Amino acid sequence: MIAPAPTAVLLVTCPDRRGLVAGVSQFVLRHGGNIVDADQHADAESGTFFQRVELELEGLDLDRGQLEGAFLAEVAEPLGMSAEVRFSDEVARLAILASKEPHCLYDLLSRWRAGELAAEVAVVLSNHPDHADVSAFFGVPYHHLPTTPEARPAQEAAVLDVLEEHRIDLVVLARYMQVLGDAVVERHRSRIINIHHSFLPAFVGARPYHQAHARGVKIIGVTAHYVTPELDQGPIIEQDVVRVTHRDGIADMVRKGRDLEKTVLARAVRHHLGHRVIVDGRRTVVFGG
Amino acid sequence: MIAPAPTAVLLVTCPDRRGLVAGVSQFVLRHGGNIVDADQHADAESGTFFQRVELELEGLDLDRGQLEGAFLAEVAEPLGMSAEVRFSDEVARLAILASKEPHCLYDLLSRWRAGELAAEVAVVLSNHPDHADVSAFFGVPYHHLPTTPEARPAQEAAVLDVLEEHRIDLVVLARYMQVLGDAVVERHRSRIINIHHSFLPAFVGARPYHQAHARGVKIIGVTAHYVTPELDQGPIIEQDVVRVTHRDGIADMVRKGRDLEKTVLARAVRHHLGHRVIVDGRRTVVFGG
Amino acid sequence: MIAPAPTAVLLVTCPDRRGLVAGVSQFVLRHGGNIVDADQHADAESGTFFQRVELELEGLDLDRGQLEGAFLAEVAEPLGMSAEVRFSDEVARLAILASKEPHCLYDLLSRWRAGELAAEVAVVLSNHPDHADVSAFFGVPYHHLPTTPEARPAQEAAVLDVLEEHRIDLVVLARYMQVLGDAVVERHRSRIINIHHSFLPAFVGARPYHQAHARGVKIIGVTAHYVTPELDQGPIIEQDVVRVTHRDGIADMVRKGRDLEKTVLARAVRHHLGHRVIVDGRRTVVFGG
Amino acid sequence: MIAPAPTAVLLVTCPDRRGLVAGVSQFVLRHGGNIVDADQHADAESGTFFQRVELELEGLDLDRGQLEGAFLAEVAEPLGMSAEVRFSDEVARLAILASKEPHCLYDLLSRWRAGELAAEVAVVLSNHPDHADVSAFFGVPYHHLPTTPEARPAQEAAVLDVLEEHRIDLVVLARYMQVLGDAVVERHRSRIINIHHSFLPAFVGARPYHQAHARGVKIIGVTAHYVTPELDQGPIIEQDVVRVTHRDGIADMVRKGRDLEKTVLARAVRHHLGHRVIVDGRRTVVFGG
């Protein structure tokens, strides 16, 4: 398969006003670029404008190093935008954090090996020793960082060190059942994706399948979200659901939920890696999602 | 179309123990009956047994008046069951209560006219005058019972009177935005079905679509449940969901939700009318649901 | 509710090339317009570019009569585009055609009365007399055009006359079980939406629920599509599905299918009325769909 | 976790008639057994009765070797039933056959390791050499049986030998792209499950995602079915679907489809292993499915 030609992605957020779309597309045209995909959204409730523009690098009279500076100076600042520039051939470095349950870890590693994730899985980190063999099979370094209540600060520092050492761009909590410390969350804001095994905001907190069973819901779900300091409150990237009946005991819900957790987490990671997500306070815009 | 032969439905709840299935089926056989459908569920968490047995009346050596008594004496009491007996050709008398929004009301009336509901819509009741014409078109008496904060007790009494007068078996709250008084709820326990425009238990209370939008969920849903004195806490009969994106403003959520509300409420009403629902505390068993 | 400010919608199709997005947005800016929504799609397989641009009319230095001409002359012709211009406050005139089954007809009329369809239902047309009363209730003229095998050409001419007389913009086949003649289809190309009661292309032809039951599928579906001279082959606008089990006989499939038919047909009609659909040979692009 | 007490499962098919349910439950009671789950279905179209009864072995006055004989003699033969007896603690021996694409293979092996499949994966068999390492990692013997057009009969014989040698109870085609010979299919009738990457019966034959893309469907799906000599015509066990839009090229459909293939195949294998499937000509009854 021929690799697709590299592109740049402009991600823009600003108060909605006239001329935003034209301003961005004129910039691209002026510098010899070609827009291959563009999507925008003007949120009527908040009056905010979001845009994602993907352009070919070939033909552009700016090199990668110059593009962001030029865009900020010529477009973003005059029009009051906050903007980011990404490149499609950047290879994000991932850390996968897991606890006891291995299904999301296996699933992500399998997808990565199959070429489905445009990323480098740089490290697997766990508070359990169990996943060393699967990490070795997939050729990924494994860090076992056990947790004890008294050692929380030390463990948090160790996590930070590992992420630093491996120059991690994206942290994926693949059913990691420990609370990350605030220092980790702050350092990687909008760069940590968690899979929560409930259809948030229903059943926050512990044992959501038990809660769902007790409440007698007919559908259960899972939620992939960015991690923020407020537990289970971060911006939602993706959700999905599955039907249950009175025949489904808690163990059945857990099993059905596992399938959702794998696919929903993988979708969220793909959206993030494709530079398709803009965080908007407690919400997200997911272009083409 | 030939009407199907009338059947009786036995609905049974009891602590799980040996011989329950055999006890019921022997009773049917002993009296010359033929089981046409049977379903049961033993809930592992609570140790409770639920069963729904549908049998042909033809060939039975008991008439309708004798069946319940015989079943209670010969099976239910010896085995410690609580049991109900229903008949497939009973025509339940429905009251539909609506407020301003008409979509669920129209939908139920259309289904009823199309022969989809095995029931008689005996009365439409509303705190608004708007639906008199559609009720007249479908040939159903219409009661306009306006509400004012000071007249709550009087209105509640009037609702009770209307339900009494029309000998109502099932009350359907078709987007009825008033709280029914406790007297109504108590009198019709497990006989009032409400459609709530959120995926309960998320977004209880007012304006759930606004709450869902603010939280940035990627899926919204609706819930049909029996009404209990605790608001939005009754046993769930049926739920369904639809995907939303950042492009969906509150008005879009309201519109998408309306389609769910119609179908989910109709499904719940059909389950109830088919004698397929057994209430189990805060949960329901919905056989064949 | 304040009516939203009127907008124009540009719908563009052309071979993909550089500068298309910029060309359109510069045109809008040059004439003082403001883009409120824009979406495009470059189909990699066919190399075709599709765009939908929605702009405010206020502030534009062109009036409605001038906009299409100016866009064609300044943008579409130089860039080799085929283009259409629509206005958000155009009120399309609908004809609904129904046969025996009324559920889609009732549903569309109810939605129309509730303000959900930006259209005028100008006429209901049926080969059965049954729906005169419901049409009268909703205040829509009703034409009963009975069909007999020998009178096909005469009936086709009569249908054409009714559509002509009522200046119909969109024909909605709401479970109309007659084949429209080629003359009608040609005259209203991409302006006739049918709801087919199967998940096309599975189960083309007659009695799809019977076919689905015989084949033992676990999911059934329905399809809204534009009508073309080839039966059941037109471009698909929208589909949806519902799960079935061995417990669902043909009558249950018919009933479950009816709920899908109503919602899927209404969604397709809304997409069309919102100027969101571009036909691309046997396929459609549905923006924001 | 304490292993659940072992149960026997009776699977019954016969023409529908009076007394079937009672006959089976009396048999169980007479021998001191306790029914823990029972489900039946009388198919109105074909007049066939299906039943699945699960009973505790403890307390039964028959041992495993006697149960089937006693049931056949006392119930099945007098009532004209065809019947099978299975045991919940039987460990079925699985062969997984894969070609180039590894996602279903990895997924099944991961589920097996996680204890989700009540089976022993006895062998992996492929016409490609690629999966030796993953099979080794999971501790499963790997047979590489390359195919060439001229060597079809030899390869078929080799497959039969491997299945024989490993005493295989269930063959799982995990995206195995070779046609199994008739001898293999006949020898393992209703014991071979295939995952087809289309929503059958749509898009039979080669390259279904290409067909789906060309037809412009808005939903794609996959199908798990028993293999019969007629290609893609076997009884369907499970299906599922996912929504696509015009933005999804063929590669996106392939990727979305892979997620469905994994979960739908796993569900079908679980239904089979739980003795929940009865084949009924071209259809299946899936109890509790």
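Residue numbering begins at 1 within each chain, and the chains themselves are lettered A, B, C and D in the order written.
Simple rule for what comes next: a contact is a pair of C-beta atoms (placed from the backbone, for glycine too) under 8 Å apart; a residue touches a chain by one contact, two chains touch by 3 or more.
Note that this is a predicted model, so its numbers are computed, not measured.
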| item | value |
| --- | --- |
| Farthest chain relative to subunit D (centres taken as mean CA coordinates) | C |
| Whole-Å separation of chain centres (CA-atom averages), subunit A against subunit C | 37 |
| Distance from subunit B to subunit A - Cα centre to Cα centre, in angstrom | 42 |
| Per-residue overlap in subunit D, given as positions that touch at least 2 other chains | 247 |
| Chain-level touch network, classified as line, ring, star, complete or other | complete |
| Interfacial residue positions of subunit D with respect to subunit A in the complex | 102-103, 106-107, 110, 114, 116, 133-134, 137, 247, 255, 259, 263, 266, 288 |
| Touch list for subunit C against partner subunit A, complex | 18-22, 25-26, 28-29, 34-40, 42, 59, 243 |
| Subunit D - residues contacting subunit C, complex | 41, 43-45, 50, 199-203, 213-219, 221, 235-241, 245-247, 249-250, 280, 282-286, 289 |
